[in-house]
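The next part holds the structures, each set out as structure tokens.
Below, chain A partners chain B and then partners chain C, in two separate complexes.
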Partner chain A sequence: MGNLVRSFVGHVRAVATGLRYLLLPNRMTVYYPEKLIELPEGYRGLIRYYPELCVQCGLCAMVCPAGAMKMYVKKGEKRGRPGVNYQRCIFCGFCADICPQNALEMTKVHDVAYEKLEDMILSPEEFAREVRSPALEEGAVKVKVIFSEERGLVHEPA
Partner chain B sequence: MGLLEWVLELLLSPQVFAPVVFPGLVTALVVLLTIIWAERKIAARVQMRVGPLYVTRRFGGVLQMLADGTRYMFQEFIIPETSDKGFFVFAPVLALAAAILPFAFIPAAPGFAPVKHPLAALGVLASLSAAPLAVLLMGWSSGNKFAIQGAVREAFMTLAYEAVVFLSVLAMGMLYGTLDLEEAVYRQVIPGLLLNPISAFTFFVGMVMSAGRLPFDIVEGEQEIVAGPYVEYSGIVFGIGMGLAYLKLYAFSLLFSILYLSGWEPLLPIYSVYPPLGGLMLFVKAYAVMLFVAFLRSVYGRYRLDQALRAGWRIFLPLALASVMFSAFVKVVVYG
Partner chain C sequence: MLSTSEVVRSRLLAREGGEEVYELFIGPQHPSSGHMRFIVRLDGDVIVSVDPDIGYVHRTMEKLAEGREAVKAIPLLERMTIIDSHNVTIGLVRAMEKLLDVEPPPRARYLRTLLSEINRIASHLYGIGIAGIMLNHSTMFMWAFGDREVWLQLAEELSGARLTHTYSIPGGVRRDLPQGFADRAEKAVRYMTRRLEEYAKIFLENPQVRSRYEGVGVLKKGEASRLGIVGPNLRASGVKYDARLAEDYAAYSEVSFEVPTLEEGDAYARMRLRIEEIKQSMSIILQVLRKVPEGPIFAEKYLKLLPPKLREQVLSTGRVKLPALFASMKLPAGEAVARAEMGHGEIFYHLISDGSAKPYRLRVVTPSFRNVILFRYLMPGHRFMDFPAIYGSLDYFPPEADR
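Coming up: the complex of A and B.
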């Protein structure tokens, strides 16, 4: 009998907790296409290639653990330039780290979608293009994540 | 002219208006569309999310279910090779009919009952307890192991709640001295919830069990047996299966409001214009009860079948019996 009473009290408390959350909601969701979280320094998003800095040493292709980076050799040239296959890339950032010229950079863009699988294989020319976030292109507002002790995650306009 | 008047009179008569328009079929459809949205929205609020939003964004995505329904409508209705085809098609219709039938006994306002009968409460319960048979048939005729498991679970659950619900109503019937729902409202000096809280509690739990809402959505068991008896259904019939639980919940909520929340009291003055509109309070109360049941989804996880059965037989059945005795006591004290 005492057990039953205790369990009833437990149920009431559970419902009360639920009601408290219902009446004082603490939303943490970011309305993504309209708002975009500002990412921290050192975020490893899509990679950008700067061909003018590149010395074509091929270290990036050598170090790539996923075999995503590949050197493309043009006709008439002796050494190739890197292209990336995003089907394989694990965004570890080794290529950007090992590059002696800093010709590879990890950007903060991560929300690019490709229509076809073949589109994910970038040649050196495509790889050298600026990477743009489609959400930002359509006018998303950047927000900053702040950790608050009472409310958990709070998003403020950056 | 005579024909038009006759049609209008027929439509506005309690026998047609109450089951078909308010609080019956048409209202039930609106309730169905909004309550599923509300359920998702409430769960989202508690779980720190936003919930459905992009369909009619200005109103918080209230038309989401209409969009979903439209999608169901245009989906192909697949009849599996291995199913018992006749019953497979017939069973959902039967289930829906059983879920709609109770509205023939639920009065909308004083003097505005489709079927005024001294045993109206029993009529509601009887037609509601016919629905599980149709669900059993749905599962069985699907010829799918998950569907049969769901059907068997439905049968078990029916055993768990049926006696509890009937005994709770019996307790109230004893207290009011009648099973006529209209009379029951008149006899409530204070809401039945205060007169006999034990009966209200057991009826409420039985109602949640019957409608298959959390924590008793064992029949559907989304994560274990996919959708239970409805697993082979597609298109609009799947929508019917989904709406079935809510229809039952709506009928039960109306019954709960009549028996325990003093029905349509306070009667709105619009009653003199057209009677059922005065009974709008009944609808508001029933809707609030439904919202509370929907809210429970965000609090509870699912019970196991044996836990639910044990709760039904070991806790709620004795409680329901106790509520009958409590009713006898209250009847002597309050009604003399």
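Coming up: the complex of A and C.
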């Protein structure tokens, strides 16, 4: 009998806990691409190259653990400039962290899609272009992440 | 063409005196067996034996790591247990530091502890969620995975990446605490504390779930140590062993925490123990945030190799710049071993260097590799429906075994 009562109470408590969230759902989902989460400072997204700062030392290509960064040497020049292969890059950020000139910067953009595999290989010139988020260009609303004791994470318009 | 019943019949292994043993292959398939195959022999629906057939995600990481410079092994090996990526590499970083004879400064040790515990909570939530869905309790799955986002968000703010943190490097950590981190972490802790009570109500104390877990897959204390089981699976059988206490790493000797143990050793105890560990991790996080000392996050030995302008930049931004030496850092000849406690249990590294930039040998013993033997020992004698219940309670992670 004691068991039966305990079991009954257990069931009621389980169902009641579930019902609470049926009435007050706690949703953390963000509807991308209509909404786009603002990423934290220091996020390791796609990389931007600033050629005017670069001293062509090649350290970035040397440290790259994925073999994604390569030096492109132009005809008639001795030293190369870095280009990146996003088929391989794992966004570890070692290249930006080792660059003594701050010529590489990890941006907050990560939602770029490519049509062709070849497009993912960026020459130094392409690498130097500004990185843009397609969702933002299509008019996505930026939301920021707020920590909440009641709901975990809440997303509010930034 | 064979009819369905003929296909099943073709796996009939033995027929003796009216008893029939069937062989059933489960997986490899991602959402059921995981990246592995179980060869299960069944007498009716009673499990006779289980052979865990691992190796389907073999990425030869140990061998790959021997072909590249040592620092490059960090982002490579963290993919073994991507859900616990700081804990999986901190042992490697410690082994490298022992060879290089460099110690991380105190603040870096505290920050390592911080990310390790955030990772442990996320890893346990992952395991609890998967265990939930294995019992068809989709609420537990959804809740645990949703709440895991809270911890991933914290980890992302600290390291710059959601999962592949690559946070610890020889000599320290790469980033300092971001502005307002302590406040957000405290909110996360308060939220999670309440949620754990709800987990108990909807899942762990749910009579339905209890009847699936209690007395199922019992691992006796003696058996657990004889088989070399590690992590929560060992502690749920009453053995108080935790690599955080056994090996001096990060700031674990400077914070106080308990190593919870339970005596029952059944699936239910293993699940409850993970909840207790989450509570302990949260207490460690709060202590770290209160006690974290001021100071550099990267060893002076490497900081002074940076040009003065960069050194200043590191101090003002709290983001480490790597000295050029890191691109091809030579490891002094010798051997080093290190262990660390992951969410799944103890990980062990053995690093041998011949003095070049690439490790001569790099060997890893992962917790899931040590725990996989449990499938063979715990399953026989149980009904087939207990298979997913026991599997879920073990928090076994196939890609980690196949290193």
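Following the convention adopted for this analysis, the second predicted complex is superposed on the first by the 157 of 158 C-alpha atoms of A that agree within 3 Å, B and C clash if a C-alpha of one lies under 4 Å from a C-alpha of the other, contacts with A are read in each partner's own complex, and residues count from 1 in each chain.
The rule is simple: a residue touches a chain if its C-beta (ideal position, glycine included) is under 8 Å from a C-beta of that chain, and two chains touch if they have at least 3 such contacts.
Please read these numbers as outputs of a predicted model, since none were measured by experiment.
Student: On the A-aligned overlay, A:141 touches which partner chain: chain B = first, chain C = second, or both, or neither?
Tutor: Once the two structures are laid over each other on A, A:141 reaches no partner at all.
Student: What's your read, chain B or chain C touching more residues of chain A?
Tutor: C
Student: One more residue to check, A:98. First (chain B), second (chain C), both or neither?
Tutor: In the superposed model, A:98 contacts chain C only, not chain B.
Student: Check the residue A:53 against both partner chains and state whether it touches chain B (first), chain C (second), both, or neither.
Tutor: neither
Student: Classify the contacts of A:22 with the two partner chains as first (chain B alone), second (chain C alone), both, or neither.
Tutor: Once the two structures are laid over each other on A, A:22 reaches chain B alone.
Student: Quick check for you: in the superposed arrangement, does A:31 touch first (chain B), second (chain C), both or neither?
Tutor: It touches chain B, and chain C stays clear.
Student: With both complexes overlaid on chain A, does A:14 touch chain B (first), chain C (second), both or neither?
Tutor: Both chain B and chain C are touched by A:14.
Student: Can you give me the overlap between the chain B contact set and the chain C contact set on chain A?
Tutor: 14, 17-18, 26, 28, 152
Student: Which chain C residues qualify as touching chain A in the complex?
Tutor: Spelled out, the residues of chain C in touch with chain A are 68, 71-76, 139, 146-147, 149-150, 153, 156-157, 160-161, 164, 166, 174-175, 178, 183-184, 187-188, 190-191, 194-195, 198, 201-203, 205-208, 210, 307, 310, 313, 319-322, 324, 326-328.
Student: Chain B touches which residues of chain A in the complex?
Tutor: 4, 14-15, 17-19, 21-22, 25-29, 31, 152
Student: Under the definition above, what is the set of chain A residues touching chain C in their complex?
Tutor: 6-7, 10-11, 13-14, 16-18, 26, 28, 39-44, 57, 59, 62-63, 65-66, 90-94, 97-98, 100, 102, 106, 145, 147-153
Student: Help me check something: in the complex, which residues belonging to chain B touch chain A?
Tutor: 42, 45-46, 48-50, 295-296, 298-300, 315
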